[in-house]
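Everything below concerns the one structure shown next.
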Amino acid sequence: MAASVLLSITGATRRFRTPEGGSVHALDAVDLDVRGNEFLTLLGPSGCGKTTLLKAIAGFEDLDAGDIRLDGASLRDVPAHRRPFNTVFQSYALFPHLSVADNVGYGLDVARVPRAERDRRVAEALARVGLEAMGRRAPRQLSGGQQQRVALARALVNRPRLLLLDEPLSALDRHLRQAMQGELKALQHDVGITFLVVTHDQEEALAMSDRIAVMHAGRVRQLGTPAEIYDTPVDRFVAGFVGASNLVRGTWRSTAHGGGCVTTPAGIDIHAEGVASIANGATVDALLRPEQLSPIADGAGAAGPTLAATVASTVFVGPDVHLHAHLADGTPLQALLRHARGQALPFAVGARVVLAYRPAAVHVIAAQAT
Amino acid sequence: MSVAAHARWRRRALLAPAGLLLAAAFVGPLLLVASFSVLEPGLYGGVEWHWYPYNFGRVLGAPLGDVEEFDAAYATTLARSVKLALLVTLVSVAVCYPAAWWVSRLPPRRRALALFVVTLPFFANLIVRVYAWMLILRPTGVLNLVLAALGAGDAATDLMYTEAAVVIGLVYVLLPFMFLPLYASIEKLDPALLAASRDLGATPAQTFVRVALPLTLPGIVGGAAIVFIPALGNFVVPSLLGGSKVMLAGNLIEQQFLAARNWPFGAALAMLLLAFVLVVMLAAAWRRGTRGAVA
Amino acid sequence: MTLRVRPLALYGSVFVLLLYAPIALIVGYSFNANVVNMMLWEGFTFDWYRAILGLPTTLGRAANHVDTTTSLRAAVVNSAVVAIAATVVSTLVGTAAALALGRAPFRGRRAWQGLLVLPMVMPDIVLGIALLVFFTTVGLPLGRGSIVVGHCVFLSSYVWVIVSARLAGLSTDLEQASADLGAAPFTTFRRVTLPLLAFIISLDDLVITWFIAGVDATTLPMFIYGALRRGIKPEINAMATLLLGFSFVVAATGLWLRGRRL
């Protein structure tokens, strides 16, 4: 599906001076296309440049180089208040001197939308976020979750081309956060407006997004669907940042049809399939997600390749048990075990364990200088 | 002794000095002035202890139907005082608001320094600060010297002993009273709210009127009240920069007490001044009370 | 964003400049050697300072301006005595009131607070005439004593406000534990910073003093005010500069200590 490009970011660069007199790249030649009607997430650790990029799009931050185009037209000389985007701020930034309804109606008021239409659209927006009865309240009389809904309604009521959300769920408690993930996704589908979300929470990004752009040190490291990011990360950083991961370094030996084997310096082999374009003898990282490793107590009945390990610890988290083990050369590995009610764990600390895996579940990453 | 009784005695002991001082040297004297305002002036200064309502009549006479002692000059002077005090307040807000905004948006270390720099002249002696403006505004003063040096000698003006000079002097002297409350309220203004307003399509001007101004109004009201009150009663600035041409309420009161020695009439004028002050304070307090009530 | 900040920074610089320029003028002119026209710069001299201190000057005419060195000295002494006495008394009175009112609320607390605020919001002139009327009616002589009482009325309120603000940031536990680490900064504040500020405010007062000083207890601001009403003379520049320097040193020390949260 070739979705149309809504916003096109090319070579976006932003430098900040450090107190020591040097300069750091908050954005380093970022290229990114935002498609119409998608849910795109900028994911990365703090300081990766994601918030700077969001501010540059909203118009609160100038670029030192590069451009941002909306429908092909540059936004360089368009001030923040003329950009057809709206933002849901991390702190919500609700106006404390205005009622909830007046907060939502603010954008319509400054745009001089006629009173009747303004009132109708405010009521509609409040109803959409389930706050139709709260219009006359002051923002501080609402809970954190309700305040966030007001912030959403205040932005959406203007029917922006693009909705920017800055860490939208970070101020909410854990339960509310999970509920809101689903709601945000449904809301985006409902209103048909492109959502661009900034977050440092990879679970949140995986749960909500159509696509994720993983950012690190001012660059977009990988852009793809949640499954692509999770299953085939392009480098160690992405592999490590998104999801729990076992990364084992070794030398690549290829066999036929994209198959081959990663051999660690200690001589342990990890078999892989479907690997393309990695030169024989290259240094690589084998990525084994914990849920792709099946611990077997006695080693019997394993159909495919296995790794011999020693149990270091087990952690019970409810639905799953996290099994921490290490290979003969000391490489730590984590495996996931489904918890079965009424069954004792068969793995004592210090016991031998065999970890079975499918070669197709192993992702091989060419090691880079970084 | 119980803990509560002990606390009560401790409190009484701590409050006694302030209570005695204020009762003897503040409340008592004020009540005395209030009663003087309705007593008859003595022939050679001092006061005759008779009921005598005509002190107020000299100022407000005509409206009260009491024209015998009425002299419109007094009412005119009071009105001029109120007018100039309002003007001083407005100018102070206009001058201080952008400066307070600037300081509040500086990085913390430089902000502390800027606050120090702005506050320090406040501690310069009042009379010295007024004198500085005499040096600037007098006909042979610095302002005209600078104008002449710039080749604009024709534009030389004599601002000395004008209402403009009095306003300039009062603004300069009272500036810190306006700056500090303004700064305090602007500093509390969350920049995210300004960004949110811009984000929702408001121009910088709309953002200022719809968000910044209402949220910093407490500072404006507070600053206005504590600038207006001393501006209304000040007699030093008008006597040095206004001379005999720009008489204000303060000069009138001073004259009655130190020159004319008509204390009851001076007391009546002071009571009228206090009435204005009371109105301003109540207005400011009412504003504080209604602040934040939404819809 | 950076573009929008610049005009504001420019305005701020002009604001600070205009705040200090008038004061700087006085300082500059105090060294002007021109005896004929004090507004035109002719050269550098210390003569005006020598003149007000009663020292011989090189400018023969200058000495003629100063017929008042003795009364100037008396004014300085009066100001110092009054400021020291008023500072000591009002620091004790105001701090005691703050300690009493800063704790748990009690009945009548708001009335006390209102009473203590009043001297500060009252126009100076009303307080001045009230004290004049009071002292005269009661028959107390006007002089240094009456000035000290007058200053104590409004200084106690200042002290109360400042100490209350400090107490609000300090727990009563800290306040009670005199040997506690946290009590040390508070003590420094009470002993050093606060009196410095109170001292300056007392030294600065003209209006209230004007009404209750009587004939013999002229203070420094009164002296300068009186001189200015008679006309501008170059010696006033030197006097004003000395007073400025003194106020700034004391106030800067006080503000600096306060900035360091002492």
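Every chain is named by a letter (A, B and C) in the order it is written, and numbering of its residues begins at 1.
The rule we apply is simple: contacts are C-beta pairs under 8 Å (C-beta built on N, C-alpha and C of every residue); 3 or more make two chains touch, one makes a residue touch a chain.
All of these numbers come straight from a predicted model, not from anything done at the bench.
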item: Chain nearest the overall C-alpha centroid of the shown protein atoms; value: B
item: Chain pair showing more contacts of the two, B-C and A-B; value: B-C
item: Chain centre separation (subunit A, subunit B; CA means) in Å; value: 58
item: Euclidean distance of C-alpha centroids - subunit B vs subunit C, Å; value: 18
item: Multi-partner residues of subunit C (each touching 2 or more other chains); value: none
item: Residues within subunit B bordering two or more other chains; value: 204
item: Residue numbers of subunit A (touch at least two other chains); value: 60
item: Subunit C-touching residues of subunit B, taken from the complex the two chains share; value: 7, 10-11, 14-15, 17-18, 21-22, 25-30, 32-33, 36, 95, 98-99, 101-103, 105, 112, 114, 116-129, 131-136, 138, 140-142, 145, 172, 175, 204, 226, 229-230, 232-236, 239-240, 250, 253-254, 257-258, 263, 266-267, 270, 273-274, 277, 281
item: In the complex, subunit A residues that touch subunit B; value: 58-60, 79-82, 85-87, 89, 91, 93-99, 101-102, 106-107, 109-111, 136-138, 154-155, 158
item: Touch list for subunit C against partner subunit B, complex; value: 4-5, 8-9, 11-12, 15-16, 19-20, 22-23, 25-26, 29, 37, 39-40, 92-94, 96-97, 99-101, 103-104, 106, 112, 115-116, 118-119, 121-127, 129-134, 137, 149-150, 152-153, 156, 160, 200, 203-204, 206-207, 210-211, 220-221, 224-225, 228-229, 232, 236, 240, 243-244, 247-248, 250-252, 255-256, 259
item: Subunit B residues within the subunit A interface of the complex; value: 190, 192-193, 195-204, 206-207, 210-211, 214-215, 292, 294-295
